[in-house]
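Note that subunit A is present in both complexes that follow, paired respectively with subunit B and with subunit C.
On to the complex of A and B.
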């Protein structure tokens, strides 16, 4: 999943950071794909389980948090050798998957509960 | 919650699913059509040169602290020198490039083609949805919204006592429009999410890029404070080795 993230040298003694831009970008894409995919799956699950209202949105944040944790675990907890800051892996694309989540949530909810 | 409407199963089969399927198919079709219609544009030599100059300046900026101060300053003067520095663009010339970009017939045609390929399927599908699927409740959104959204979401339904969660097919169309972007980016490979705003920015970038970003690069190059990292390397090496040994 986080494949293609080669080692980027980041010097920790002082502020100098050197990053391979291409790898950084490819890692960003991996995050984006993971989040999109999981928000779609999460939407279907939320619809099938019949979440309504606030519960559904809380479920969405839960899914995003699980995505973040999964990505951090895949990066073997050394975030700095794959990304340039913590914020990237945690917050990036947080709300991007919201619309897909709502779409698939509505879809599954309707199909299952108002059939 | 208010009374639970029981909706006909046929709505499920003949409205929700076909609409989604049609939108996915139209998206895929548009992707292939835009691939076929993409005319290869011969890049202008001057623009490519300027782009490369910008890339060089950017590399200089990012690697500034790894070269000795004199070398850095020499390179900086080479770039931002008033008379013949590479990044210095006289004001008169700046305007010209912009006007040229926009009156270039090829560029205009390409922009129009891209805009049209975005707008036409959306308009057609919207008209189709309005014509066939109006006047009944299509779906129920699982979260409640306030009364102000009623006119937006329930436009075909003229009963004012129905819960705002029950929406018409027009709002299902819009929900699909926004939600399928993520799906498209997954199944069509990168760069094909339907981000029309992003694409328009890219198109206008051709016209503005040379002039504005040159002066931007020049400014950012002037700002940089040079701090040579070499003296500190020994301490860094010592720290690393110490960590390894202990």
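On to the complex of A and C.
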């Protein structure tokens, strides 16, 4: 409690933009959770649909774009009260999700179309 | 939390059913000796349903966003200690109070 009020008064004193690091970390965790889950689901869907090559990667971009829009809607369109920059909500977790996507894409494609 | 997980599990079940239907459809095509051009309509409808269910689950089951600003409404400390009656301000420490008072005013 004392730390919080001290921080607040110091913020008022030199007018420096500070963020609540714990809450920012928790928001990032929510974003990673959503992106990982949706890239796995998107991979399975791309595999069942039988996408090969570039089509699947375009499908991944589509899924991630829809996810970003969903996350922005979840943040009630005021991104700066929950994150410090737009990159957090649009780019973070993109390449990690791509790995999961390719793994489950090939997995579902093999199960449905090859075996 | 619980509802989101249930919806997500239901979406995954629909996905599994869609995969199974596609496998059966491919078996049928093999018997008819035709080429696979795309999954049947009911599979596509199932996939869209599963995608919307899982999207909803991913956006709700992950937890709520918390505000990162110190001065926002939900980050304010509103809970006071339960033993408020025992707080004493009339003690020797009040001699030093002007200094802290000035800082707070600023």
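Just so it is clear, the second predicted complex is superposed on the first by the 99 of 115 C-alpha atoms of A that agree within 3 Å, B and C clash if a C-alpha of one lies under 4 Å from a C-alpha of the other, contacts with A are read in each partner's own complex, and residues count from 1 in each chain.
Just so it is clear, contacts are C-beta pairs under 8 Å (C-beta built on N, C-alpha and C of every residue); 3 or more make two chains touch, one makes a residue touch a chain.
Remember, predicted model here, so these are calculated numbers, not experimental data.
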Partner chain(s) touched by A:110 [first = subunit B, second = subunit C, both, neither]: first
Partner chain(s) touched by A:82 [first = subunit B, second = subunit C, both, neither]: second
Touching partner for A:100 - first (subunit B), second (subunit C), both, neither: first
Partner chain in contact with A:57 - subunit B first, subunit C second, else both or neither: first
Touching partner for A:37 - first (subunit B), second (subunit C), both, neither: both
Contacts of A:48 with subunit B and subunit C, given as first, second, both or neither: second
Which superposed partner A:23 touches (first subunit B, second subunit C, both, neither): second
Where subunit A meets both subunit C and subunit B, residue numbers: 11, 13, 18, 29, 33, 37, 111
Footprint of subunit B on subunit A - complex, ascending: 11, 13-14, 16, 18, 29, 32-33, 36-37, 39-40, 46-47, 51-54, 56-57, 96-97, 99-107, 109-111, 114-115
Sites on subunit C touched by subunit A in the complex: 8, 11-12, 15, 18-19, 22-23, 26, 36, 38-39, 43-44, 47, 50-51, 54-55, 57-59, 61-72, 75, 77, 103-104, 106
In the complex with subunit C, residue positions of subunit A that touch it: 1, 4-5, 7-9, 11-13, 18-20, 23-24, 26-27, 29-31, 33-34, 37-38, 41-42, 44-45, 48-50, 66-67, 70-71, 74-75, 81-84, 108, 111-113
Touching residues on subunit B, where the partner in the complex is subunit A: 5-7, 9, 12, 16, 20, 62, 65-66, 139-144, 172, 175-176, 178-183, 185-186, 190, 229, 232, 235-236, 239
